[in-house]
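Chain nomenclature is as follows: A, B and C, assigned in order of appearance, with residue numbering initiated at 1 for each chain independently.
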Amino acid sequence: MSRNGPIALTYHVLFVSFMLAPILVVCFVAFTPEGYLSFPTDRWSLRWFYAIAQYPEFISAFWRSLWLGAISSAIAVGISVPAALAIARYRFPGREAMTALFMSPLMIPHLVLGIAFLRFFTQIGLGGTFTGLVLSHIVVVIPFALRLTLASAVGLDRSIEHAAVSLGASESVVLRRITLPLVLPGLVSGWALAFINSFDEVTMTVFIAAPGTETLPVRMFLYIQDNIDPLVTSVSACVIAITVAALLVLDRAFGLERLLIGRSAGHGR
Amino acid sequence: MRAAPYLLCVPALVLFAGVVIVPLSMTVLLSFHDWGQYKGIEPVFILKNWHEVLSDSYFHEMFARTFRVAFFVTLLAALFGAPEAYILNRMRSPWRGIFLLVILGPLLISVVARTLGWALLFGGNSGLVNKALMGMGLISAPLPFMFTEVGVVVALTHVLMPYMVLAVWASLQRLDPQVENAAVALGAGPFTVLRRIVLPQVMPGILSGAVIVFALAASAFATPAIIGGRRLKVASTLAYDEFLNTLNWPLGAAVAVLLLLALIAVIWGANRLVERRYAQVFA
Amino acid sequence: MAFLELEKLTRSFGAHNAVDGLTLGVEKGEFVALLGPSGCGKTTTLQMIAGFVEPTSGAIRLGGKDLLAIKPAKRGLGIVFQSYALFPHMTVAENVAFGLEMQGVAAAERRTRVAETLELVGLGAFGARFPRQMSGGQQQRVALARALVIRPQVLLLDEPLSNLDAKLREGMQIELRQIQRTVGTTTILVTHDQAEAMALSDRIVVMNQGKAEQIGPPHEAYERPATPFVANFLGKTNLVNGATVRPERISFAESGLAGTVRTRIFQGNHWLYQVDTASGLVTVIRQNTGEAMPGEGDAVHLGWEGRA
């Protein structure tokens, strides 16, 4: 049907270049053979990737970020599922207010959350601990987990469960054989989106992470604050590569658009 | 039966009460406490920090910069992001999905890595951006991007652009493609269709995207911290300094709470505007 | 005493009575249709029998036993939902087998019964497919098979054909009736399509605002409607001088009610007329027999049986 003209396509090319330029630059510079920031011209080298191994704080921060993301996202999904069922299934006083409350971490600046958690955790003795990080990350990723579990709970046709009941299924059988399998794609995509957001979080975490509990983005940020050298570009290139791989898998599995806009999974016609 | 939905919400409610509401209240309270170089934080109730934040011209300038940056980032994102979303929407099938992924994907890539890219591109006088601009003959001498507001605005626009494209894209999805054809059939040229038919319908999307971008730009931390450095302070980097360098937590808390209040006011006002002006579109 | 009895069944939502004192007896093997406009309480009635909505008052008995005391999962009713409600993550065969599995039927018997039932609804070759790989009509038959395979005491159908196009709907109506005759299951069908209700059922219940306006065989309700509502709902009617007359009962005559043809519409096997008369606008339906008929603007006389 309608297509884009040459002006639109030129604009599109420029726009995409703008979006990709900084990401590509990081990846290029990471392959420099020199000891300073420069583009690899005649020769590519992996020396700065090998150099990461000499800096255990990057490696340990990476594993910490991975665990932190996995655990906090799993807990966030676990908390979201019952809440999503309640919001999707019942009309009750305070329903809108509760939904707004659970989605509020999206709108509260992470800076403010970081400050609030720094104060709170120091007061209750969780300052700089991994437990503190997990608690705070659950809060910031819950909106993502809730949005996708909610979408799949809303998309679930109630009469499918009624059909199972009318065929003699008990409540636990309905939950195990019908409800959970049907909302599972929503749960998995909610977890994945939550994980990525936790893995990338820096603004809030920079306040609450202590030297022993720094996450990868925090370690990178603090490193860049001191100086920018090829090492941090190779670390960034690795992070970019991992994220892009995860992105492609997610897009294949769920469709990125649906993941980001949070449209219902809809089993009905 | 009545209690069922509340019981299901109990885990989330406990979490939010314990780990969101309490800490936020403590922060508000903290902004009223006193602080001294040697005595540390004193749990008293005074207006000293608020008075300082609201009357000192240093803070005025810093907040003005924060909102100026956020305003230009929002403007640029809307100006360039909305047309791109429209172009994307008109693309054919494999390309549409591919470029949507290319443009929205960066949203999920670490902000630190993306900002690092801009630091490399700007990098002093020899930066790629300056080379390109001079190569095109647009400028004769290198422009300073690092540690300037322009640099922060450009990098932040890049960081937040996907949110704008996403919002406009979502509103374009709700558009009935036949409406455009109907206008064409009535004799409207492509420009008229765009201005009279498409734009009014995606305006709510642009505005909601603008609210998100503005809120995130005004409270962004990593990008202004890396591109703006220690010299160019915005509200978030200032609060960070108060907390982790000066250790004047009460003052930092006042800055953060003020930022939060200002953002709530902006978001609330914008939502009111959108609802009033575009209620018919949503209905 | 009837097989399935609804007695003064009432359900209110707030101040509004969705179902209001409905009393109905359904005989074993009978096919009864609940017919009425949107929002008249058909689905609510069905859901009360199924156990998904609790009655505010009244009783439901099945084979003399109080059905309300039995949990929905133990009622042994077969239900076909308006949306079909197939399990999207299970194959057709797994869908149909689910109820048997819940009853603890052994795997071998399960397989034969599933195969038999799929054969009955004409889907013998589709067991391995997933619901989304099937057309609307096929999904509808899967839903029917899933309900029938457990050999339910009563089959409840909630607008099972409303999602199908006109042609497929007609085909399915015939099949549904045949299948019901074959297995002899007591059936309650909910529909707002009066033609469907009349084509399929032994008796119809015309509902309006939660109440049964008339219960009886279709032709009786059509010919002798108990209320103006029933008369109107079951087809086009004329109200001439206080009497209701069906349009197809009126013919053009030498003498009788004088009038002028305002519009004439050809509808294939019949002509539809609007005639201006002294007692108002009268609708007339005449079979198309190939003969010449009065045209628009012609002066005519209308006659019908029982007219003085």
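Operating definition for what follows: a contact is a pair of C-beta atoms (placed from the backbone, for glycine too) under 8 Å apart; a residue touches a chain by one contact, two chains touch by 3 or more.
All values reported here derive from a predicted model rather than from experimental measurement.
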Centre-most chain by CA centroid is A
Note: of the two pairs A-C and A-B, more contacts are counted for A-B
Here the gap between chain B and chain C, centre to centre from mean Cα coordinates and rounded to Å, is 57
Dist(centroid_CA(chain A), centroid_CA(chain C)) in Å evaluates to 51
Whole-Å distance, C-alpha centre of chain A to that of chain B, is 18
As the complex stands, chain A meets chain B at residues 1-4, 8-9, 11-12, 15-16, 18-26, 29, 37, 78-80, 82-83, 85-87, 89-90, 92, 95, 98, 101-102, 104-105, 107-113, 115-120, 123, 135-136, 138-139, 142, 146, 196-197, 199-200, 202-203, 206-207, 217, 220-221, 224-225, 228, 232-233, 236, 239-240, 243-244, 246-247, 251, 256-257, 260-261
Contacts from chain C onto chain A in the complex sit at residues 50-52, 72-79, 81-83, 85-89, 98-99, 102-103, 136, 146-147, 150, 163
As the complex stands, chain B meets chain A at residues 2, 4-6, 8-13, 15-16, 19-20, 22-24, 26-27, 30, 80, 83-84, 87-88, 90-92, 99-121, 123, 128, 155, 158, 161, 166, 169-170, 177, 180, 215, 218-222, 225-226, 235-236, 239-240, 243-244, 249, 252-253, 256-257, 259-260, 263, 267
Residue positions on chain A within touch of chain C in the complex are 157, 159-160, 162-170, 173, 177-178, 181-182, 267-269
